[in-house]
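Multiple structures are listed underneath, in C-alpha cells.
Each of the next two complexes has chain A plus one more chain, namely chain B in the first and chain C in the second.
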Partner chain A sequence: MVILPDNENRHLGDLAPRVFRWGVIVGLGAIGLSVLIGLSGEASLDRFFRSYLLGFIFVLSLCLGALFFVILQHLTKAGWSVVIRRIAEGLAGNLTWLWIGFIPVVVGLYMGDLYKWVDPPEGDELLKHKEAYLDTTFWLVRAVFYFAVWGLLARYFVRCSMDQDEHGDPKNTLRMQRVAAPGMVLYAFTQTFAIIDWVMTLEPYWYSTMFGVYFFSASACGFAAMLIILCALLQRTGRVTQSITTEHYHDLGKYLFAFGIFFWAYIAYCQYMLIWYANIPEETIWFVIRQLGGWKSMSILLLLGHFAGPFLLLLSRYPKRFKGVLTAACVWMLFIHFVDIYWLVMPRIPAELIDRVTSYPQLEQEFATGVIPGTALTYQEVYDLNWHLLDLTCVVGLLSLIGAMTARRLRDHCLIPEKDPRLGESLAFDNY
Partner chain B sequence: MNEPAPKVAPMESPARKSAGAALVPGAGEQRLYGLLAEFETPGAILAAAVRVREAGYRWWDCHTPFFVHGLDKAMGIKPTILPVLVFLCGLTGATVGFVLQWFTNASSFDLWAGVWVRGYEFLISGKPVLSGSVYPIIMFELTVLFSAVGCVIFLLVLNNLPRLYHPCLKSRRFLRATDDRFFIVIEARDPCFYREKTETLLESLGALAVEPLEQ
Partner chain C sequence: MTTLALDNTFDDPTRRAPLVLGHDEFSTVTEKICGVNEARRAPRAWYIAFAISLFFTGILGVMILYLFATGVGVWGNQNPVMWGFPIINFVFWIGIGHAGTLISAILYLFRQKWRTAINRFAEAMTIFAVICALMFPSIHVGRVWVLYWTIPIPNQMELWPQFRSPLIWDFFAVGTYFTVSFLFWYVGMIPDLATLRDRATTRLRAIVYGIFALGWRGSIRHWHRYERAYLLLAALATPLVLSVHSVVSFDFAISQLPGWHTTIFPPYFVAGAIFSGFAMVMTLAIPARQLWGLKDFITLRHLENMNKIILVTGSMVGYAYIMEFFTSWYSGSLYEWFGFANRAFGPYAWAYWIMVSCNVLVPQIFWFKAARQSIWVMFIASLLVNLGMWFERFVIIVTSLAQDFLPSSWGYYVPTWVDLLMLAGSFGLFLTLFLLFCRYLPIIAIAEVKAVMPKAHAHESEASR
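And now, the complex of A and B:
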C-alpha cells in the first residue's frame, strides 16, 4: 500500500467554488464584451470572428495537449507522471463541453467572412477542385465528429481515473491502457483534420502536409507550460506540496523542451524549408505575408523566443530543476505559444496585391505604403499586424471559462489519483 | 591512468602506508588491492554505501548487477562533466556543418585536403549560395552525429574504458556481481584504509562476506 505524505492538502477545497465563480464572471463578461465590441461597429464583425477563432484555437490547443498527455501516459504505462496526471485530466475534461465554444465559429462560417471558400469567386478553378471537401455541411459534420471523439475520449479517461479513486481497482488502469492505443490513433487523425478544417482553410489555396504535426507540437508546448504553471500555483496555495517534487518538474521540463521547443522548431523549419525550396506560388504566399511588415517581426520573435532562447535556457538540467526559473520560462512559453497561434490564425493574404506586383521589393514597397484600389484604406491598415482589444478579450474570456470548468471538475476529487497502482513509483522516482 | 590525486594529504603519511602494507600476509610478493564486501540486496548496499562515505573513504566503488537508484547520491558521486563535453561536440558539429557547406557551395577558395580542392559557387534553381534556409539541415545532422559519437567516446574515456583487467576479476565470489549480488570494494591506497579497521567496518555494515583482493 502506497503511503501518501500526510499533513498535505490534496484537495482544491474552498478554492474550487471561488475559481469557478470568478472564472464564470470574468469569462462570460469578457466574451459578452467581445460580442458588444463586435456588434457596435467599432470593429468589424469579421474581426470579431477572427479574434474569437484565435482565442478558441488557443484554449483548444491547451485542452488537446492535455488529452494527448493523458493518453500518452496510459499508452506508455508511465509511472513518473501519476501525481500530475489528475491536473492534466482536469484540463482535458473541458473537451466534453468545448463544442459550445465552437458555436460562434460556426456562426462565423455562415454569417461572417471567416472562411473564404464558403462563397468562392466565379471561375475559381483551384477552389472548384476542392469543392468536395470544402463543403459547409461536410465541414460541420466533421466538426461534430471531432468533438464527439474528443469528448468521449476525455470523458472515458477522466471518469475511469476518478472512478479508481473510489475503489482502487487496478483493472481501471488496464482498461485505460487498452483504450489508449486506438484512442491515440483517433486523436492523431481528428486533431490533424480539425486543424486543417479550422485554421488551414482560412487560406483555402494554401496547403501544408506538416500543418497537423505543427499544431500538435504547438499544443504540446502550450499544455506543458500550462501544467507546470498550474502545479506551481497549486503548490503556492499550499496544496500537493510534497507529492509533486523537483523530479516531476524536471520531467515536465524535459517534455516541454522536447515537444514544445525542439520538436516545434524542427517541424516549423521543415515546413518552411520544403515550401521555400519547392517555391510554388500558392504555397510560398503563406510565408510571404508573414515576412511583411509587423508579421516579419513576429516571425523573428517566434524563431528567437519560441526556439533559440528557450532552447539554450532549458537545455541543461539545472534550470529545469529550479522551480522559479522553470515556471518563469513556462509563463514565457505560454505567451509565445499564444503568439504562435496568433501568427497562424490572424494574417490574411492580400490576393489582389500579390497578383498585381512583379517583384518582392515592389511587394514590400506596396505593402508598406500602397492604398487598396477602390478604398481609402492602406494595405498596412487592413493586412498588417494590428492588435485589437478583441484579441485579448476573447482569449481571456475563454481561458477563464476553461479555468472555471477545470476547477469545477476537480472540486470533489483528490488532486492526485490516490489509488493508482503506479502511484508509489511516481512518488519515489529519481532523475539521473 | 585512473589516479586523480587524493585530496586529503595529511592522512597519507609513509608510516601509515607501511603499517597498512605490513598487515598483508606475504606482502612483498602480492600487494593488497583492497577489500571486497558482498551484500545481498540493493537496500543493504545503499545503506552500506552511505556509511562508507561517512567514514571518509575516497578510493572505493560499488559493483551491482543493475542500476541501483540513489546509489550515486549515497556514494556522494559528483555530477559528471560529460554533458558539457557533449555540448561542445555539438557546437563543433554545427560549425563543421556550416563551414563544409559554405566552402563547397558558396566559396571560391583553394584548400589542401590531401589533394587541392576548390570551393565552387553552385547556382541551383536560383537559390542563394549562402542560405539560412537550407544550411540548418546539414548543421543539425552533424550536430547530432558529433554529439552522439563524442558522447560515446568521452563516456569511455571518463570511465577509463576499455579496461581488460581488474583485481576484482580474480575473486570467484565477484562473479555474482553480474547476477544477484552487490559488492563494495575499498581500495588499500585509500588514506583511511587500515585492513582490520576497514574489515570490521564492512562486516558491521551487514556484509555477507569480506575478502581481500590481490593487486
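And now, the complex of A and C:
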C-alpha cells in the first residue's frame, strides 16, 4: 500500500473555478479584441489570420507535446513520472476541444489569403502537380481526421487514468499500455502530416522531409518547459508540495534538455546544414528570407537562446535540481519556443525578388531599399519581421483558454494519479 | 520469490519483473559467468564456429592482398556506380556498431536496468563492427600506402585533407566513436577483469588479467570513482550515438543526387543503425545464451524488450521511407520522383522490395506477444533484419548512382567475386573477434548483474512498492 504524504493539498479546490473564470474572460476578450483589430482595418485581415495561426500552432505544440509525453510514459511503463502525469494529462486533454480553436484557420483558408495554394496563379505547373494533395476539401478531411485521432487518444488516456483514481484497478494501467503502442504510431503520422498541412504548405513550393521531426522536437521543448512551470506554480500555491520532489524536477529538466534543447538543435542543424550545403534554390529559398533583416537576428537569437545558452546552463545537474533556476530557465524556454514557432509560421518569401537578384549582397541591398513593383512599399516593409499587437493577443487568448479548460478538467480530480500501481516508485525514486 | 523465479515475462503493473532468474547466490553468478572463460575447453560448437570464422578471415586477408597487388579494378565499382560494395559494407558495419553504445549509454541514462545482461557483449560487438567498418574506406582509397595523407597533420607537401568534405568528417566521427566506445567497454570491464584475475588458477592468467585490471582492489573509493567515470562516459557517448551515423548520412545527403539529398537522412540513418545493431545483438545473444547456459541472465524478458526496440526502430525506418516517398512526389521535382519510382519499380526493384519487406514488414510481427517470446521467430526475424539493412544501403548507394540525371550514362552495377568474398570475409573477421571475446573476456557484466538481482534489494522498503 502506497502511503501518500498526508500533510499536502492535492486538489485544485477553489482555485479551479477562479482560473476557469479568468481564463475564459481573458481568453475570449483577447480573441475578440484580435478579431476587432483584424476587422478594423488597423491591420489587414490576412495579418489576423496569420497571427491566429501562430497562436494556434503554439498552443497546439504544447498540447501535442503533452499527449506524446503521456503516451510515452505508458509505452515505456515508466515509474518515475507518475506524480507529474496528471498535469500532463490535463494539458493533453485540451486536444478534445482544440478543433474549435481551429475554425478560424479554416476560415482563413477559405476567405483569407492564408494559404497561397488555394488560388494558384494561372499556369503554375508546380502547384497543379500538387493539386491532388493541396486540395481544400482533402485538406479539411485530413484536419478532421487529425483532430479525431488526437481527441480520441487524449480522451482515452485522461479518462482511463482518472477512472483509476476511483477504484485503483491495475487493469487500467495495462489497458493504457496496450493502447499506447498503436497510439504512438498514429500520433507520429498525424502530427507529421498536420504540421506539413498547416505550416509547411504556407510556402507551397518548399519541402523538407525533416519538417515533422523538427516540430516534434519543438513541441517537446514547449511542453516540458510548460510542465515544469505548472508544477512550480502549483507548489507555490501550496499544492502537491510533498509528492513532487527535486528528483522529478531533475528528470523533467533532463527531458527538456534532451528533447527540447539537444535533439532540437540536432534536427535544426541537420535540416539547415543539408539545405545550405546542397544549395538548391527551391530549398534554400525558405532559409534565405530567414537570413534577411530582422529575421536574421531572430535566427541568431534561436541559435544562441534555444541552443547554446540553455545547453550550457542546463548541462550540469545542479541547475536542474535548483527549482528557482530551472523554472526561470523554463520561462525562457517557453518564450524562445514561441519565437521558434514565430520563425516557422510568420515569414513570407519575396520569391519574385529572390528570383531576380544574382548575388547575396544584391539581395540584401534590394531587400532593404527596393520597392515592390506596382506598389509604393519596399520589400522590407512587407516582408521583414514586424511585430504586431495581434501576435500577442491571439496567443494570450488561446493560452488563457487552454489554462481555463485545463483547470476545469482537473477540478474534481486529484492532481496526482493517487491509485496508480506505480505511484510508490515515483514517490520514492532517487537520481544517484 | 521462488514462484516468481521461473518466469519474468508477466505484465503486472503492481510490481517489476525480476531481471535475474533462478536461485543464484552472488557467488554462483560469478561461477557461472567466469565459467565461460575458465572452462578448460570451450563447447564444441565454439571450435566449429571459430574454425569457419577464421577461414573466412583468411579469405579476407587473401582478397585484400589481391586488391593491393592488382588495384581497385578487381571490384565491380564502375562508372557511374563508383561507390559499390566497399561503401555499402562500411555503412552496414557502422550501423551494426550502434546498438552497443545505445545500450550502454542511452539505456543507462534512461535507468533501464535490464541492459546489464546484454551491454557487455553488445559493446564488444560495437568495437568489432567498427573495426570491420573502418577497414573498407581504408582499402577503398586505392593507393593504401599513402593513406596517411588523409590525416590532417602538418607535412612538407603542404597537403591537407578537404575539410569541407563529409568524408573527412566521417574520419573524425568514426574515430571518436571508436575511441569512446572502446574506453566505455574497457572501463566497464575493469571490475570483472579483477574478478578473473583473483580467480586465476595459472600464473599466465593472473598476470594478463592483472595487467588489464589496472590494480583494481574493489575498495569503496575505487567504486566511487568508477561509478563517476562510467556516468560521465555514458553522457559523452550519448551524442555520439547520434553523431556517427548522422555524419555517415551526410556523405550522401549533402550532395544533390535524388535519393541522397533529403533532410530526414540523419535521424533516419541513426534509427536504421540502432535497428540493425539490435538485430545483430539478437543474432549473437540467442546462440550464446543457449551455448553457455546463460538463460537466467539473458532472460526471455530481455529478448522481448529487444524485440520491442526492433519494432520501434523498424517502424521509424518505415516512417522515413514513407516521408521520402511522399516528399519526392510532393516536391514536384521530376528527378526526385524518378529517383524513388525507379527504386521501387526500376531495375533494382528486387533489392528495394527485399529492403521494405525485411525492414518494415518483418518487424511488425513483434506486435504479437507470442512472436516476441518465440526464440525461433525472433532469431529468423533478426537475420532478416540484418539482410534488409544491408540491402537498404545497397538500394541507397547503387540505385541513386546507377540512374542519375543523364540517361546516356546509366548503367547496371554487378559486384565481382572479390566483392562477395570480401563481404563474407568481413563477417569472418567480425565473428572471429567476437568468438575470441566470448572465450577470454567476461561476456556479461558480472558486477552490474549482481546489483540488479532481487537479493541485492532484500531490504528495500515495502512501502515504496
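Keep in mind that, in the parts below, the second predicted complex is superposed on the first by the 432 of 432 C-alpha atoms of A that agree within 3 Å, B and C clash if a C-alpha of one lies under 4 Å from a C-alpha of the other, contacts with A are read in each partner's own complex, and residues count from 1 in each chain.
The rule is short, and it goes like this: a contact is a pair of C-beta atoms (placed from the backbone, for glycine too) under 8 Å apart; a residue touches a chain by one contact, two chains touch by 3 or more.
Note that the structure is a prediction, hence the values are computed from the model and not measured.
Enquirer: Once the two structures are overlaid on chain A, check if chain B and chain C clash or fit side by side.
Expert: Result for chain B and chain C: clash.
Enquirer: Identify the partner contact of A:Y277: answer first if only chain B is touched, second if only chain C is, both if each is, neither if none is.
Expert: both
Enquirer: For A:K130, using the defined touch cut-off, is the partner it touches chain B, chain C, both, or neither? Pick first, second, both or neither.
Expert: In the superposed model, A:K130 contacts chain C only, not chain B.
Enquirer: Check whether A:W22 is in contact with chain B, with chain C, with both or with neither, and answer first, second, both or neither.
Expert: A:W22: touches no partner chain.
Enquirer: Have a look at where A:D430 lands relative to chain B and chain C in the superposition and call it first, second, both or neither.
Expert: Once the two structures are laid over each other on A, A:D430 reaches chain B alone.
Enquirer: First (chain B), second (chain C), both or neither: which does A:M210 touch?
Expert: second
Enquirer: Quick check on the superposed pair: does A:R317 touch chain B, chain C, both, or neither? Answer first, second, both or neither.
Expert: first
Enquirer: Which partner reaches more residues of chain A, chain B or chain C?
Expert: C
Enquirer: Who does A:W97 touch here: chain B (first), chain C (second), both, or neither?
Expert: After superposition on chain A, A:W97 lies in contact with neither partner.
Enquirer: Among 3-11, 21-29 or 111-119, indicate the stretch of chain B whose C-alpha atoms run into chain C.
Expert: 111-119
Enquirer: Considering only the contact definition stated at the top, list the common interface residues of chain A for chain B and chain C.
Expert: Correct list for chain A: 273, 277, 432.
Enquirer: Could you please specify the touching residues of chain B with respect to chain A in the complex?
Expert: Answer in residue numbers: 69-70, 72-73, 83, 87, 125, 127, 133-134, 136-137.
Enquirer: For chain A, which residues are in contact with chain B within the complex?
Expert: For chain A paired with chain B, touching residues are 269, 272-273, 276-277, 279, 315-317, 429-430, 432.
Enquirer: Please give the residue numbers of chain C that touch chain A in the complex, ascending.
Expert: Going through chain C, the ones touching chain A are 11-14, 16, 109, 111, 227, 239, 242, 246, 250, 253-256, 261-267, 315, 319-320, 323-324, 327, 330-333, 367, 461, 463-465.
Enquirer: Using the touch definition from the top, list the residues of chain A that touch chain C in their complex.
Expert: 1-3, 77, 79-80, 125-126, 129-130, 133, 170, 173-174, 177, 181, 185, 188-189, 192, 205, 207-213, 254, 262, 266-267, 270-271, 273-275, 277-278, 280, 282, 421-422, 424-425, 427-428, 432
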